[in-house]
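Once you scroll down, you'll see the structures, which are given as structure tokens.
In the two assemblies presented below, chain A is common to both, partnered first by chain B and then by chain C.
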Partner chain A sequence: MTTVARPPATGESLSIQNVVKKFGDFTALGGVSLEVPSGEFFTLLGPSGCGKTTLLRIIAGLEVPTEGRVVLLGKDITPLPANQRPVNTVFQSYALFPHLSVWENIAFGLKSRRMDKAEVERRVKYGLEILQLERFKDRLPHQLSGGQRQRVALARALVNEPQVLLLDEPMSALDAKLRAEVQVQLRRLQQQLGLTFILVTHDQDEAMAVSDRIALMRMGHLEQVGTPDEVYERPRTRYAAEFLGAANLIKGLRLPMGFEASFGKLALNRTPPWDEGYVAIRPERVRLSEVEPRQNGLRVRVREAVYRGAYQEVWLETRRARASDELRESLSSSAMASSSLETRRARASDELRESLSSSAMASSSLEPCDIRVRTAPHPTFQAGQELWAELPADALVVLDE
Partner chain B sequence: MNRLIVWFGELTTPAQLYRRGLWFLLPAVIWILGLLVIPGLSLVALSFAERGQYGEVVWRFNLENYARLLGYGIFGWSPDTILILLRSLWVAFVTTLVCIVLAYPLAFFIASRPPRTRYLWLALVIIPFWTNLVIRTYAWQMLLAPDFPFAKLAQGLGLLAPDAGLYPSPLAVYIGMVTAFLPFVVMPLFSSVERLDWSLVEAAQDLYASRIRTFFQAVWPQTLPGLTVGVILTFIPAMGMFVIPDLLGGAKYLLVGNLIQQQFYASRDWPYGAAVSLGLMVMTLIGLALYRRRGKDVDLV
Partner chain C sequence: MRLNPWVGITAIATLAFLYLPMLAVAVLSFNKTRYGLQWSGFTWDWYVRLLNNPDILEATRNTFVLALVSTVIATVLGTLFAIALERYPWPRRSQGFLENLLYLPVVTPDIIFAVALVVAFGAFRMVSSLFEPGLFTMILGHVTFQIAFVALTVRSRLKSLGHDLDEAARDLYASYGYFVRHVLLPLLTPGIVAGAMLAFTLSLDDFVISFFTSGPTSQTLPLLIYASVRRGVTPEIHALSTLIFLITVLLVLASERLTRR
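Right, the complex of A and B next:
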């Protein structure tokens, strides 16, 4: 097979240095720095308005940064206009030329650069081949389906052999099933060509599925950059934990190698850096069992269980510090067992005092929280069922803020 | 036909509907018959008649008017009338072209203004449009007169004889025509430019296109609908225009509009005037047909 893409140079391909972009009073990007090595599939992830598209447009040359530099393969391309950058974009709306056929659309960039006919012919043929568009080469864009248009837009960018391919939410117009297919194809294509891809998306599943590394953005800043499993398993902030998938955020107070939440003390692998803060745990990391686990076990009641086919989602009710439960139990059983009444009462009042003092300290901030669990679909849980939940220490992530 | 049908909730028969439809059509039919078909046919009939000694119409069938239109007169063949027709075609063509070239920057300028001031700029384009054409043309006569700065400048540069004015001249005709028709191109073009999909422009830039290539591949096709309307609204009236060439062109720059006007007024030769009118109409229709055919290849709407 003929390959269009040159073998990528090793090392830093694209470097974004302290880029600031302001629109009037509004700061879209507040000093972003990034290094993207050659051949990496890099994703800018974030909600709408976080500046990810602005950053992409700055790399493409469609927007001029207020401050900062864009360096490509050691060359500062900040002052270059879009039509002189070795970078191509797949636009969100695809922006196919409506009066040109598929073939002519793909040939557009090559013809702009006045390549000779044979070379244009060869590269367009390759582009049509690699994205399975041969059958449609004479059609006009309005005669194509959404997925086909998307492939044309991809081919149109790829045949130019860009140093970096920019993808601006290219899958947002496709339906869920097609999107999943295209994600796999896109990933495969990137690995096959060895090109640097930079994808902008607000869809965290998409980001996880295709990326080598993800940069999570928030309000014009990078929140966290890392491989998908780093960002997912070790979110640094509440925002990162909540944006990527579901997370249980548990508020608590610092203890040595642990922390104290409203429902009790939990052991951690390290001592939290804060006095009061959050610990996160993914729903699928919580273990449910009938017997009390050795560590970090909680007695919980199932509030709601939703069967989802491949898994079931369970919401668990925790209770305020178990001490008060024991107290109530002990008080009610005290009438029957009068012999141990005195000792029990003494212990209970101690515990009562303890729990009262701790709740007085934390009553403003530590509310009992529900824990969301994702578990195997069988056995199914029933609402009201009481069981043990284990929050393993290695699954509890201490958040920085 | 007594089949019952339900027509928008009304129980009726097809025959009844048909009769009602005819009644509804009647006003339009009368209008078109009275104001278009009958005058048109009488113009055709008139063009085959003959001028009497005192300018009256003599209803004797002949083809003499058409022979004259093609240049055959009492003194043999002369290219005068054909020249006038071709000149009209040329003036209309140049006027349209200049209007397009001027309208593009103007339409983009207006469309790129913030919404608050955009309609102010549009109003500036439209206001001359509300002023009577004759008054505007007289205004140009004044502005191009020998004592005014434009003529003085031309005299100073040696382009013009001392004490001469810039009118009457072909240039004055072009200036008058372009200013008269510019709004007709700017307005429809503006409506296209306002709805322009700028992502295509960005795509073209992203794909290494030069400015010229970006314009012709990403902007021009998108503005074709507005441009087509503008061209038709300019070209056809410009072909038949007689006020501006009459006031600014003088006797030396006769256009077909003036020729027709002369036949109906000064020469009192109605049959010949009718023949020239029909000649103009045929040329216009041919022009439109060519334009439509060419336009089909780049049809975007």
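Right, the complex of A and C next:
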């Protein structure tokens, strides 16, 4: 096991200050500011087109920002071209030089700076070693597998001892199993070297697995920045709640230290800042039981339970609060009629969430909503079963928007 | 699924149609008979005579000087043109326009080109006697049509390389010159060589442009063959044609191999 002390935090290694990037009429980045301390594994997470790759390219010097500054270790590097920045990139396509051997590829950034021969030898050897590429040093890129190519790309960047290593979706070309493996290796490598890594990805699992901190991006701005558990446990917006994993979004009206949803009143740890808004709860935080819990209990019926091996996913049908009990009869019968269709859609969880939230958007009245629960695989639940669900106050997150 | 046998037969017939005349010329070049088509025995005689004919040797020399010089010039210019076209950040509209300009010489009839050159050289002649018809004007003429072929070949190679490697090289501290020397040129070489070979073959075989731009002392092989055939086809011409055809085939095959890689 490697136990390498991380370098002492020397404050902000990289500072992005109010960066704006426009391509013609299109604004790719609308004023982004970020501080990344040295030695941190920082991830830019977001869907395609959110500006994460553009931001990475601006840090690399491959794009020039329309406005704003990039400051590295106190030095403004905004005007420096890519080939003069102490920053290296692992490209999504790896961009290995197809006519050069693995050894030559790794040596490229050293030779281009006319580094002395012995030093080139030493560093390439080191690069081959830490990424276990010694056996392949004479091969050409097309003679390597995807995973090996990715390691060459990493070694080629790392031997330059960059202040910041940029990784542009480096795992998107690998299959799922290898990807999980590489994530662990990448994290280990970063800790071993104590370097600042900035990763771009659209894969939230990957972001959670490797990062010290995550910046969730949306349409050219930062939606939320924080440690993986902060962003996951305390999403600030509906977008953040939905992008990172599954979430139940419950619409409701403000009450002191609580809110009122379609199915009744729930206690919260704080008073919501809005009059009408959303509260989120992760599927795994909902507790199911046969007996009524002390607080925030709901009487629910299982609409559907899907066994997934390691866990089971349960969709619970909630009921309207008592005042409108008569109305419920007609509502639930119409819900039953569409339930087989709904069942099929439920499997594509994203679609379900979308349809739920869009239907919630459509009308301002509080519609009864399904609650999705992730729970232990045993005992298995049956459709139609009635039971209690507890939405603990500390698991309910009040969303700002 | 069974393919109709006629498909194969048609293909073979087409090939025969294409190559039988050439084959006939090759066979006749070994025929002892001076006139007519009767076979009266095998001989290398006509080939030997070729080598002893000063006109033919002179024309051969001219042809190769013309082809070599024009190819070198066209290859350099064509390659630079392709790189500029592909890598310089042209506005989208002018990029399309430039591409069309590049294709135009390939499809323009040679005769149009040749006449245009005659007019242009006529005008230049008023400025400098350099533009008197001769090897120099022929070289210029050949370069004008070769550039397009070189540029097209190099450009398709450039397109397949993409922009990633440029960026990777820049990211790895390479200056533009270092990138060109260590990445771009080595990767473009097959395209450049293929383009050059194509240009060389085209120059070797060119008749129309040569005919309009040549002077009294710059006879090339195609021109010589044309002139001799008017006096009657001789076995020497068969032998000469066969040799030129062989060289062309070899060059095309070599260029084909290089582009495929």
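Note that the second predicted complex is superposed on the first by the 349 of 401 C-alpha atoms of A that agree within 3 Å, B and C clash if a C-alpha of one lies under 4 Å from a C-alpha of the other, contacts with A are read in each partner's own complex, and residues count from 1 in each chain.
Keep in mind that, in the parts below, contacts are C-beta pairs under 8 Å (C-beta built on N, C-alpha and C of every residue); 3 or more make two chains touch, one makes a residue touch a chain.
On a predicted model such as this, the values are computed, not experimentally measured, just so you know.
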Inset, instruction - After lining both complexes up on chain A, report clash or fit for chain B versus chain C. - result: clash
Inset, instruction - Classify the contacts of A:132 with the two partner chains as first (chain B alone), second (chain C alone), both, or neither. - result: neither
Inset, instruction - May I ask you to decide whether A:33 touches chain B, chain C, both, or neither, giving the answer as first, second, both or neither? - result: neither
Inset, instruction - Report, in rising order, the residues of chain A that make contact with chain B in one complex and with chain C in the other. - result: 60-62, 81-84, 87-89, 91, 93, 95-99, 108-109, 112-113, 156-157, 160
Legend entry - chain A residues within the chain B interface of the complex: 60-62, 81-84, 87-89, 91, 93, 95-100, 108-109, 112-113, 156-157, 160
Legend entry - chain A partner contacts - residues on chain B that touch it in the complex: 197, 199-200, 202-210, 213-214, 217-218, 221, 298, 300
Inset, instruction - Within their complex, state which residues of chain A touch chain C. - result: 60-62, 81-84, 87-89, 91, 93, 95-99, 108-109, 112-113, 156-157, 160
Inset, instruction - Within their complex, state which residues of chain C touch chain A. - result: 164-165, 167-175, 178, 182-183, 186-187
